[in-house]
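Right after this note come the structures.
In what follows, chain A forms one complex with chain B and a second complex with chain C.
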Partner chain A sequence: METTIKKNSGWRLFLQTIMGRAYPRVVGMQRGKSWIFFDTFLPLLSVSAYVFVYRALGAPEEYVGFVIVGGAMTAFWMNILWSMSSQLYWEKETGNLGLFILSPAHLMAILLGMAIGGLVATALRAGAIILVGSLIFHVQYAVTNLLQLLAVFLLSMVALYGMGMMTSSLFLLLSREAWHIANLAQEPVYLVSGFYFPVKNLNFWVAACASLIPLTLGLDAMRQLVFPSGALLGFLSVPVEIGALTVLSVVFLVGARLLLGKMERLAIREGRLTESRR
Partner chain B sequence: MASDFSIETEELGRVYKLRENKKKGQAKELVALSGVNLQVRRGELFGLLGPNGAGKTTLIKILTTLLAPSTGWARVAGYDVLRETVKVRPCINMVSGGESSGYGLLTVRENLWMFAQFYGIPSKQAYQRIDALLAAFGLADRAKTKSSDLSTGLRQKMNIIRGFMTDPEVLFLDEPTLGLDVGASRDVRGFVRRWVDENPTRTLLLTTHYMVEADELCDRVAIINKGRVLACDTPAALKHQLQKEAIFNLEVSPLNGLGTAPFEALPGVSKVLHTPLDGHSQVQFFLAEEAALAGVVDTLTRNNIRILNLQKREPTLEDVFVTLVGRSMSEEEKVDNGNNN
Partner chain C sequence: MNLRSFRVASWLGWKIESNWTDPFLFAVYSIVKPLAGAAILVVMYSVVTGGNFADPLFPYIYLGNAFYMYVGAVMTGVSWAVLDDREHYKTLKYIYTAPVAIPFYLMGRGVARFITGTFAVVITIAAGALFLHVPLDLAQVNWPLFIVSLLLGVVMLALMGLLLAGVTLVLARHSDYLGDGVAAALFLFSGAVFPLDVLPAWLRPLGYALPVTYWLELLRRSLVGSVAQAFPTLAGFSNLQLLGILAGLTALVGVSAVFVFRWCDWQARERGYIDWTTNY
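Moving on, here comes the complex of A and B:
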């Protein structure tokens, strides 16, 4: 069994770690077919409820499209809450966290792997919701600027998953309350981020505060770019929202890097990486 | 010049702060480790032997950079575990008994590949090594089984492969044979021994509360209890210290409330351990001189206790523990659990 093993370090190790941690998300999560029911069919039910309410009220037909896009984006928010932010807590419970930390892999690369894997896997689910929802409810899209749309989506994802990485380092110190906090953050964000209606309908300051969650601006910009009346219902102009999303991306990624190192040191000092003694 | 020691600790200690009463906010401290001084040589298979709650896992956590010591210092592979974590981590790996690491949706081979990526092992070489280790542990036919479908024992074998896969300079095995059947434990022990013997730069630290495992495997053993190292030497040397005492195992009819006190009062009797069994009693006598056995037999006869079986035996590490602590390891665990409750 004696062999000399080549071990990469530096950026190669960083990239390998990202791939290694992304793998269970991309491959593993698709392996159980139950996601087709739980992550596509069930979200479509709640989306349908909003669609029927809007139609009963005689709302403009674009609102149906708003709901479908919002419904698809909830998949990303759920992924951030349950598979990014609180993930390190679950990893601690299963014993993986200790193994990640004692390995030469950088914890930031582990989180990036989780983020990229989660993004790819969730994009598949979100795509399925948009496709099926659009077919069922005959949603018409009119993309005014494809380049801006791509930029908005990518920046929203970078900022959102950056936020997930940053909050996950806070969850590193939590025990069971992680589950409650994630639960607490779920529904209010659906409201203030305007998942099913234009955020402009909210008070300006509420919408401005909600804009700290990248999905708020991302959804608002996407609606402006894919629906004819979207621009009229936009909270801010698309270029301003792209600028804000860029700033949020940088802040969250840098914040994640700094906070993660600090939290790791604190957790090692307090003995919270592998056990619940408090 | 590189140090001869793979692991060194000096006055190493760890105190956990426990929150006993949330309402009153009373803080309580638990000393998990205290004043531990160890030197493990490069190429050595070193055992930490002690009951549950002795501090073995806490020591391993400190040595694997997962926990900061409260006092003292520790070096692994020549690097300080607190200040040079980035240098320590590429040199080590750890496997714990009963761990459920990895992801259930991935196959055994995929889980192992994933962990290989965290050590920077290129995929091609990782797969070669994984396949070789799966074959060595008799797990080749389970390579494509989801790890969630594995039995506890097979899962533990996968964990052990994960530890050896990265060929670390220092490997920590924390109760590695926990949950394994007798045959699988024997296979693991055989592999562990060969792995260390193959390359003099490899060092392995093993914690166990199985005496036979420590006796059979380890070059040296440290006996640890209540966070303190009580003795450290080769198993043979530790047992040799006891060879001035004769140890007799007696199976007798029930002692019927007689207890061990009349025997302990006899001249030449150092220690008596009584284990009530179904319909009879097992009593171990540690005698300073064999002649003291006559007094023991006489006392039994006078109290109408029949001798069913009498056997002189060689000392074991369990006996060493009894001599050092005053109780057997299982008794010590019961006492410790009682105190914690």
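Moving on, here comes the complex of A and C:
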């Protein structure tokens, strides 16, 4: 007896694709528990070094909290670089990209699934870093407005993953240089986005330009909302940063939609979907 | 055969590292990343001290961070070659079947990273001396101590890389994290960017057991002698004593690297891991 498979189309297929692509990212974490060590303990080593730098300098204890929160947020940036932006490059390398294009699934849904799965998995890692780091270094938090904090976090994530989806379409055209470009976007971004210090300490225009990276404003607003002296060290007021993050979210999501279509056509025309120049 | 394997691997490594783009973009790539890493520490220092770069702690942090770039470059460069050749290029099995001395081949692959690392270290230190008042006087530098320490340190890092390369051969998952993880641990426990006294007392012995701790101290002393006197951690040791400790620990790392690599190499051949592709 033949088993009939119900085939979806339209928005059902779109949703099914999102769930299908998010599934391995979330379930993978349950199957291989080693991430608890590699994705929590190892980032904590780097974060701890920065904590001890502040301690050697005799900085106020709140700076330790700034480093812990910033260090946890690096997990999201790494996820954007290596598992969003450059993901289509990896898929090309392993031969999956051509299959994605051949299937009736929409590439935008595949990217959304990657984003949602990556966000959930990375949130767990970032949470673990904050929890362990805060316990080790006795970080004190004083949340002033929980609603705003949730809004800032969610908007930062929507804008950030929208940005990741947008840049992944650019990476669609890249070959060997993809790895190097992703690698280059680590330390410079940690610097200009103020991952380990309040971004207000940079030149105003540098901080303003860096605000195009959603984590800059997101981190700044979160620090203002969870540390007693955060507001004094904030770059812009929290409501302004929420407004800016909302604009960035819309721009990046729409940009991702438009750019993906354009780049997919360009990649097909130039025959770059299946090339493998190692 | 050993020297030829090393020389050809060095040439191959350089091609892999550099020919993905044009020389200008490659130079930018080689400079921007390390300078940004140093700038993070400079801003952190500046935020807390209000820009008081005259304190001896600043050159301690700055020079420690600059020379630490070699750790990531050389050590990870050597161990990464296993992952790169096995998983990415899928050529490790062909190299094993060719008349190549594998340990020398792997160390040769680290040479390219050593060259780009040197480029980054020199530019970072020059930027510190020119713009951030790092008190570097070329006439006052203890050049013999500097050259001997630097060479000994690079050999020590290459041997640590070989040790990690051996472990990478028998790891299925997370082997890409191995070099970075060890580098992060060394960054923390060797007091690269803060005096070891800042660490909790129970963690300090780890720092004293690491050759990188003594290597960085020797490099700081040879370039800016006054920095060493400002911190009590290793002040009780003379330069010669530190050099002796570094040489002893390097020999220990070398012996361990040879034995660990041999054992892991045998295990990898026994279990069929040489042409393993996990796509993890």
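Keep in mind that, in the parts below, the second predicted complex is superposed on the first by the 268 of 278 C-alpha atoms of A that agree within 3 Å, B and C clash if a C-alpha of one lies under 4 Å from a C-alpha of the other, contacts with A are read in each partner's own complex, and residues count from 1 in each chain.
Rule of thumb we're sticking to: a contact is a pair of C-beta atoms (placed from the backbone, for glycine too) under 8 Å apart; a residue touches a chain by one contact, two chains touch by 3 or more.
Bear in mind the structure is a predicted one, so any value in this text is a computation, not a measurement.
Enquirer: Figure out whether A:T94 sits in contact with chain B (first) or chain C (second), or with both, or with neither.
Expert: So A:T94 meets both chain B and chain C here.
Enquirer: Quick check for you: in the superposed arrangement, does A:K262 touch first (chain B), second (chain C), both or neither?
Expert: In the superposition, A:K262 touches no partner, neither chain B nor chain C.
Enquirer: Counting only touches as set out at the top, which of chain B and chain C does A:G32 meet: first, second, both, neither?
Expert: Both partners.
Enquirer: Which chain A residues are contacted by chain C in one complex and by chain B in the other?
Expert: After superposing on chain A, chain A residues 32, 94, 278 contact both chain B and chain C.
Enquirer: What part of chain B is in contact with chain A in the complex they form?
Expert: 14, 16-19, 30, 61, 64-68, 86, 89-90, 92-94, 96, 99-103, 105-106, 110, 113-122, 125, 129, 132-133, 136, 162, 164, 166-167, 194-195, 198-199
Enquirer: Quick check: in the complex, which residue numbers of chain A touch chain B?
Expert: Residue list for chain A touching chain B: 1-3, 5-9, 12-13, 16-17, 19-21, 23-24, 27-29, 31-32, 94-96, 98-105, 110, 268-269, 271, 273-274, 277-278.
Enquirer: Tell me, which parts of chain C touch chain A in their complex?
Expert: 20-21, 29, 32-34, 36-37, 39-41, 43-49, 57, 61, 88-89, 173-174, 177, 180-181, 184-185, 187-188, 192-195, 198-199, 279
Enquirer: Please name which positions on chain A make contact with chain C in the complex.
Expert: The touching residues are 32, 34, 38, 42, 45-46, 48-50, 52-59, 63, 94, 176-177, 180, 183-184, 186-188, 190-191, 195-198, 201-202, 278.
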